[in-house]
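Presented below are the structures under discussion, each in the form of structure tokens.
Two complexes are shown next, each including subunit A; its partner changes from subunit B in the first to subunit C in the second.
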Partner chain A sequence: MPAFFEFRDIGHQFGKTPVVEKVNLSLNRGEVFSLVGPSGCGKTTLLRIAAGFIQPTRGAVLLDGEDITALPPDKRKINTVFQNYALFPHLSVFENIAFGLRVAKKSKTDVTRAVGEMLELIDLAEHARKKPAQLSGGQKQRVAIARALVNQPDLLLLDEPLAALDLKLRQRMLLELDRIHEEVGTTFLYVTHDQTEAMSLSDRIGVMHQGKLLQVGTPAEIYESPESSFVAAFIGDTNFVVGKVRRIVDENRFVLEAECLGEIVVWRDKPVAVGDQVTVSIRPEKFSLQKTRPATNGETSNSVPCKIEEVIYLGPQTRYWVRSADQLISVIQQHANYLLDETPLAWGDEAWLTWRANDGFMLNAYREADEALLTLPDD
Partner chain B sequence: MKRSRFPFVATTLILVFLYLPILVLFAQSFNDARFGGSWNGFTLKWYKLLFEHRGVITATENTLIVAVTATLLSTVLGTLAAWALHRFQSRMQKVHQVLIYGPLVVPDILMGISLLLLFVNLSVPLGLGTVIVAHSTFGLSYVAFVVLGRLQEFDHSLLDAARDLGAGSWTTLWRVLLPLLWPGIAAGALLAFTLSLDDFVITFFVAGPGSSTLPVQVYGMMKHGQPALINALSVLFMSATFGIVLASQFLLRKRYD
Partner chain C sequence: MKPLRSIKVSPVHDGPLKPGRLDRREWALTLPTIIWLVLLFAVPTALVFLIALRPANPAGGIGEGWTLATLKDLMQPAYPAIIWRTVWLSVVATAICLGLALPVAYYLARLSRRSRQWVLLLVILPFWSNFLIRIFAWRTVLHPDGWLKQGLVFLRLMPEDATLLYNSGAILLVLVYTYLPFAILPLYAAAEKFDFALLEAARDLGAKRFRAWCTVFLPGVSRGLLTALLVVLIPALGSYAIPDLVGGPGSEMIGNKIAQRVFSDRNLPHAAGLSALLAMAVMVPVIVMLLARRDESKGGGRP
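Moving on, here comes the complex of A and B:
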């Protein structure tokens, strides 16, 4: 099946600075795809290339098998929800939504019916006569979505649509977006710097950094098996353990001579040879932290002594920074019955850090600079 | 803490200073005395005489023709100038901006002399045409100034949004840009209109025989000793100008957010 929407070898530069490099990406019909990355990673440029506001320096944009690279924005069956909503301040909610239909010279009855349906969809029927300035942030956002969707686009582009809303409203709008997507079934291309937004909404995620698309996959794939240290550190939080392969145990495990933690057993999810330099990423919530030495099996799990350096109570969990040998490690523990059947670990306590071999995953690419993305303080 | 009386006193003094002369003028226009030294009783005869005065009627016609034409010209040119100044990036933009604003700071008398020299050198006969051109030159600057202010707070993503929703350049212009800039354009136009009505110095230089506007006419009547008529004319003239300025202020205040 040919891709529904495709970026083919897209490259773009402003002057001499490349902002997007060699991006190849295919979207399936009806999916929600998120482009995630820090600001300046090129995701918004890519979105504007899809909308037609930017002509890419290289490559082609295809919609439903047709090359639309040269089409201007007003000729594409693609609509955008802009970051600051960009609602027309001189038009009512109704006229804002009707704008695209009026431009397309749809009949009066068609306009009334289609806009009415949209107002139902976004649950703002009673506000149809209001001007945008009289709406709340969340309502403006819904009008912006309706104004784009009423044109029945093949592809809906969303440019950080929730960035201007506060946390609670953002969470509600995410559910709302999910519901709207379910009802209309349009393909969504969603751009955000917020990885939790992307994770909760998307069928698939693409992580961008410095103009390149680093990895594409389902939220679980991206979280559970990131390929590079950037993806591991940007999506969620993690710990990097660097070392050399000491010996291969069997086809599933090998022993790593870690720079700080000593010999640890690691799941062998990629081919390695003795002597290879390897970086392993271990998520904070994979560890368990105990006061007494656990009876672990040294073949399939690891246990190292450590000292608690910081305890941060977060409500549902507690975050610890512990030091083992010379490495600072971030650990998250759920608490079952806080203060009831456990005395909490405190600053300065000695404890044991335990994890299974298959809790860590090997990274293909490691850059020391990505350590800066972790929540750990600089050591 | 006792509230200071200073703001009240200062405001009163300023208002007296500004409006006392105008009040005197207003009162004198109803004074039944030829030279207004003393109050001889209420009369409307100066207004009556005014409407029978040939020169005043011609000058009023001239003034309106010039003001309307010059306003139209300067509104279109000024709006385009503001758009070009705002929209296009260039190292010369600062220079362009200063050049557009020039007529706002150049003394009127220099503007008048230079325009007169230009028309004479090009052997353009002085008349209503030259007055219209002269008024358009400074009107344009004022319109550009006001519209540019409006553009500064214009959200350009609205133009992207319009294009994204299928609108071409013309549709975007008519349905989004002009409706949103309209209060600024109208305010600028009203400003240009009042300035054209009021202008004396520049008009004095470039007006030919028979193309005098009201301010030039007032000056002439002054010399021929008809102060009472001038009082009445000034009151009418001022009321019209005042009304237009109020309207322009009201338009400028209109915002959408």
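Moving on, here comes the complex of A and C:
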């Protein structure tokens, strides 16, 4: 089956600086796809290429099998929800939503019906006569969505639609977006730099960095098996363990001579050879922290002594910074019975850090610069 | 009849004015403006209206008592044609100015900050030389012996006996030339504040370039458009120097008639009557527009 929407080898540069490089991406009909990446990585540029506001320097954009690269924005069955809403200030909510229908010369009854349906969808029927300036941020956002959906586009582009809202409202709007998507079934291409937003909303995620699409996958795939240190560090938090392959245990495991932690067993999901330089990513919540040395089996799990350097109580869990040999490790522990524990781990305590071989993932690409993305204890 | 140009047309408040009392600070801030308007606008206007009700003094002054004779005298058969010419010349000149200023303001606002400064400088460059000198320059350009006329005749684009100067066409040209910067500046100020993402939103929703421009950009700069309209139309209606210098005997405007009544006929009440007529012709549409705008910002939109 050909992809419903496709970026084929898209490259773009403003002047001499390349902003988007070699992006290949296919969207399935009806899915919610999120592009995430730090500020300036080229997300908006890619979205504007999809909308038709930017002609890419190279590559093609395909919609439903048809090359639309040369089509102007008004000829594409693609609509956009702009970052700052871009509602027409001189038009009422009703007329804002009706704009696309009026341009398409729909009959009066069609307009009234379609706009009415949209107002139902976004639950703003009683605000139809208001001007955008009289609406709250969340309401404006909903109008912007309705306005973009009223023409029944094949693809809806959303550029950081929730960025201007406060946290609580953002969470409500996420649920709202999810519901709207369920009702209309349009394909969503959603851009955000907030990874939790992307994780909670999307069927699939693409992680962008410096103009390149690094990895595409379901939220779980991206989180559980990041391919590069950037993806591992940008989506969620993690620890990097660097070392050399010492020996291969069996087809599933190998022993890593880690620079700081000594010999540890690591899950072998990719081919490695003795002597290879390898980086392993281990998520903070995969560890378990104990006061006494656990009886672990050195074949399938690891246990190292450590010292607690910092404890941050977060409510549902506690975040620890522990040091083992020279490595600072971030650990998150759920605690069902924090108060029942009469001697909780505290600053300066000695403890044991345990994790299973398959809790860590080998990365294909590691750059030291990505360490900067990790959460560090404040000094 | 120049002072009318200084009417402040754009209200300071952006949103609907809240009915209620001005507090002390607001009074302190508005008082100078109010005094200025009363002394230099309301009082002189009232004087003009009052003088129109006085009899003329044969010595060139104002006579004793009150009379309606001057007003009756305004019903001269020559006036309707002059009034009609004044109105159409001003309206057409205003329309041309706005038509030229809109795209200029649009492109100015889209230019990069640095090149914008240079173009803006070009727009206000004419103000560096005196208004009358510029009109005289036009006289030279349009003169029957001037290079423009000679060139056009040489190219057979115009017959030998036609004239470029001393007619309504020349007045229109110089009116547009003179008032174009006054139209560009308020429109540019409005266009600069315009959110150009709105144009993209319109295009995104299926509007072609021109349609997006008309349905989104024009309403977006409507305040600037209104200001530009008044700032050009009002002084154009009261033009005196331009028709006097580049117009001919058959293309007089009210301004010329007023001047003639003052300087040649020395009939001040009659001149005052004409001025009052002109002032009313200007003020009525302004007041209507301001009222319309207030209504608009008061009520919500219609669905």
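In this section, the second predicted complex is superposed on the first by the 374 of 379 C-alpha atoms of A that agree within 3 Å, B and C clash if a C-alpha of one lies under 4 Å from a C-alpha of the other, contacts with A are read in each partner's own complex, and residues count from 1 in each chain.
Everything that follows uses one rule, which is that a residue touches a chain if its C-beta (ideal position, glycine included) is under 8 Å from a C-beta of that chain, and two chains touch if they have at least 3 such contacts.
What you see is a predicted model, and the numbers here were worked out from it, not measured in a lab.
**Student:** Quick check on the superposition: with subunit A as the shared anchor, is it clash or fit for subunit B versus subunit C?
**Tutor:** Subunit B/subunit C on subunit A - steric clash.
**Student:** Using the touch definition from the top, say if A:94 reaches subunit B (first), subunit C (second), both or neither.
**Tutor:** Second partner only.
**Student:** So in the superposed three-chain picture, is A:38 touching just subunit B, just subunit C, both, or none of them (first/second/both/neither)?
**Tutor:** neither
**Student:** In the overlaid three-chain picture, which partner chain does A:344 touch, first (subunit B) or second (subunit C), both, or neither?
**Tutor:** neither
**Student:** For A:185, using the defined touch cut-off, is the partner it touches subunit B, subunit C, both, or neither? Pick first, second, both or neither.
**Tutor:** neither
**Student:** May I ask you to decide whether A:104 touches subunit B, subunit C, both, or neither, giving the answer as first, second, both or neither?
**Tutor:** Touch status of A:104: both partners.
**Student:** Looking at the overlay, does A:30 come into contact with subunit B only (first), subunit C only (second), both, or neither?
**Tutor:** A:30: touches no partner chain.
**Student:** After the superposition on A, what does A:128 contact: first (subunit B), second (subunit C), both or neither?
**Tutor:** second
**Student:** Figure out whether A:65 sits in contact with subunit B (first) or subunit C (second), or with both, or with neither.
**Tutor:** Once the two structures are laid over each other on A, A:65 reaches no partner at all.
**Student:** Is A:79 in contact with subunit B, with subunit C, with both, or with neither (first, second, both, neither)?
**Tutor:** both
**Student:** Could you give the residue numbers on subunit A that contact subunit B in one complex and subunit C in the other?
**Tutor:** In subunit A, residues 51, 53, 72-74, 78-80, 82, 84, 86-90, 99-100, 103-104, 131, 147-148, 151 are touched by subunit B and also by subunit C.
**Student:** Give every residue of subunit A touching subunit C within the complex, in rising order.
**Tutor:** That would be residues 51, 53, 72-74, 78-80, 82, 84, 86-95, 99-100, 103-104, 128-131, 134, 147-148, 151 of subunit A.
**Student:** Where on subunit A is subunit B touching in the complex?
**Tutor:** My answer: residues 51, 53, 72-75, 78-80, 82-84, 86-90, 99-100, 103-104, 131-133, 147-148, 151.
**Student:** Which residues of subunit C touch subunit A in their complex?
**Tutor:** Within the complex, subunit C contacts subunit A at residues 195, 197-198, 200-208, 211, 215-216, 219-220, 222, 300-303.
**Student:** Report the residues of subunit B in contact with subunit A in the complex, numbered from low to high.
**Tutor:** 155, 157-158, 160-168, 171, 175-176, 179-180, 256-257
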